[in-house]
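I am attaching a structure below and will ask some questions about it afterwards.
Letters are used for the chains, namely A, B, C and D, taken in the order the chains are written, and counting of residues starts over at 1 for each.
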Amino acid sequence: MKVLVTGFDPFDQEKINPAYEAVKKLPNEIAGARLVKREIPTVFNKSFILLKEIVAAEQPDITICVGQAGGRYKISVERVAINIDDARIPDNEDQQPVDKQIVVNGPAAYFANLPIKKMTAAMQDQKIPAQISNTAGTFVCNHIMYNLLHLIAEQYPAMQGGFIHVPFIPQQVLDKKDQASMSLIDISRGLKFAIKAAVNNFAV
Amino acid sequence: MKVLVTGFDPFDQEKINPAYEAVKKLPNEIAGARLVKREIPTVFNKSFILLKEIVAAEQPDITICVGQAGGRYKISVERVAINIDDARIPDNEDQQPVDKQIVVNGPAAYFANLPIKKMTAAMQDQKIPAQISNTAGTFVCNHIMYNLLHLIAEQYPAMQGGFIHVPFIPQQVLDKKDQASMSLIDISRGLKFAIKAAVNNFAV
Amino acid sequence: MKVLVTGFDPFDQEKINPAYEAVKKLPNEIAGARLVKREIPTVFNKSFILLKEIVAAEQPDITICVGQAGGRYKISVERVAINIDDARIPDNEDQQPVDKQIVVNGPAAYFANLPIKKMTAAMQDQKIPAQISNTAGTFVCNHIMYNLLHLIAEQYPAMQGGFIHVPFIPQQVLDKKDQASMSLIDISRGLKFAIKAAVNNFAV
Amino acid sequence: MKVLVTGFDPFDQEKINPAYEAVKKLPNEIAGARLVKREIPTVFNKSFILLKEIVAAEQPDITICVGQAGGRYKISVERVAINIDDARIPDNEDQQPVDKQIVVNGPAAYFANLPIKKMTAAMQDQKIPAQISNTAGTFVCNHIMYNLLHLIAEQYPAMQGGFIHVPFIPQQVLDKKDQASMSLIDISRGLKFAIKAAVNNFAV
């Protein structure tokens, strides 16, 4: 069994993206499943072109994309992706789409087909603050999640996929006022137990 | 050289107080100074009676009391303690003083005589979110800080003293909404570097 | 032309719901359109049964449901409703559905077909803090919004509909810590200009 | 009986200061006391030189200075001013003192000698979010409050004085994320009832 885990590169003036930093620290095997870890650019379209290639090459059973949600207090397992790009800031190649459908005439939304409640509970059981989130925003994170779930619906019906948002890490908030953070160790440990719950659920 | 570091016991329905948990994890020696670590009850008066006994017995060069400030995002080195007890909640022995002078006719406030800016900078240098705080509140934390600084002013003019507030740790916010936390490892490491800065400054 | 505006009754231990209070204060006519104002119970299913009856009786051109989103800083025009009831707290008749589809085999989501950007801009132009929101939650607010948009899709294709979340009003946060509020006058004025923008857009 | 109420001018890139805007809207008489309203520059030293002149000329019975505390959720009656200027940003004449005593060898702090609890309760009774605050910061607000209370202690022992911090008003947070605000009407009404409580208490 194989799990693909991706993390975005830094954006919005940050020098680091805790998403990929945490993904890098994951073990190579969790609950008997092999992990494939990849960095993805924070760029509309290009991010998904790359993801699609990786999925085609690796044929994972589960794909989990991970991104930074600065300002959040807990690791957030996303419930749903919506069919819209609406960027408040430019992406890493200066694209800033406004109210643009991701897939023209695609469904308004896709629900993650991962066991999001079990994944959240698995993190909480490890004393790691975690929650279900009902919005992945309308930036590149939602973009890749929607595209991933559309790809699953269209071409890989047996695959499970979804998205996890992680908070800032402490070094990112040194100069920020009233911004929560979580240690990289806890984020990575949270991801590990979330993935473990997904793998165990899949095997059933 | 000797440093006394105290941490409060749990209060306000919490099962743990990250203050003493972090103090316990400190090394026994920092920058050549020996550490004495003690737990203090979250109780008006009794907390200071105990602190005074420990100070008399141990004769520390530096005394740093540590407490929990749930809701804060950063480790906070307190600048000042004010001469008032005004409790929003009862302490651990059900005392809830309102607008009561700590030391009758004592000064309105004492500034910590620790190098608070250097201590804060030392934590930030280690990538640990830290700040100066201008209020230690009006509960037992401010109570012990004021009493400590009054004791220093009256009886131990060579001693340096102050107070550090630490955030919740992750396990305390699992069921709380929008509450920041910091890992116990980072809190304890922050305290270590804050103490190191105080010791190095004292030695000069 | 006719606009139906609904507001929920109080829930979750609140004695007042700013949503219907603000709706009540709206004028009876905005930009030439007649307003029909109704209170709706914060109850799964029953709320929509009533809404459906009102819509059938009144045949409005535009329907806007308004609800309270305690903790938000701005008036929030909702972009999307998702096909799930997942209640963190019981509704006003003690129902607490978990991960339950609102419409079995219905679409995952519906986008509001109101001019949400124009409505938000109209409020900002009046110096009233307003924003687009990408989640209406998974409680009765999202429930009624999804049902309304499903009803529009199935039976009233010419109707426009959506949902607006409003903050607490000041009297609700007197005893709360760090909770934003907005005056009832500003909320009601915000709604008025949002409705005006919707009416003017519809007429075009 | 006479009450002097001052408000600061705008600072830190704001175009408006809700403090003086709210002061301007106050009636000219409250509970039988005449109000004198003045704007004060957000400048270290110069602000107090002006305040001292006004006090000498007007001989008020009560002096209340009002300033903006962006980010706060409630009107805050300040309990205490501390003897230190420590500016995170420059004042309106580009002064940025660091760890500088306001009055050399002055007391560490002064408590407001206004009835702060009664003033806070009077606002809450009017459904206006209000609280006691234990820090006025270390910028010009604390500077003027400390200087005022020092002046009272040294030269006007019969005068009562203190400081009130007010939140942003809505127009200031239009482009800010997650920042609380309060309507100017509510702020001004809050000040009115706080002053009324101070006047009634003084008369006793």
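By definition in this document, contacts are C-beta pairs under 8 Å (C-beta built on N, C-alpha and C of every residue); 3 or more make two chains touch, one makes a residue touch a chain.
Just so it is clear, the structure is predicted and the values come from calculations on it, not from any experiment.
Student: Same or different interface residues for chain C and chain D, judged by whether over half of the residue numbers are used by both?
Tutor: same
Student: Please indicate which chain is farthest from chain B, where distance is taken between mean Cα coordinates of the chains.
Tutor: It is C.
Student: Measuring from the mean C-alpha position of chain B to the mean C-alpha position of chain D, what distance in angstrom results?
Tutor: 30
Student: Based only on mean CA positions, could you tell me how far chain A sits from chain D in angstrom?
Tutor: Roughly 47 Å separates the two chain centres.
Student: Between chain C and chain D, what distance separates the C-alpha centroids? Give it in angstrom.
Tutor: Taking the average C-alpha coordinate of chain C and of chain D, the gap between them is 39 Å.
Student: Which residue numbers or ranges of chain B touch two or more of the other chains?
Tutor: If we look for residues of chain B contacting two or more partner chains, we find 178.
Student: Applying the document's contact rule, which stretches of chain D touch chain C when the two form their complex?
Tutor: Those residues of chain D that touch chain C are 73-74, 124, 127-129, 170-171, 173-174, 178-183, 185-186.
Student: What residues of chain C sit close enough to touch chain A in their complex?
Tutor: 79-80, 82, 84, 86, 99, 107-111, 117, 132, 134-135, 137-138
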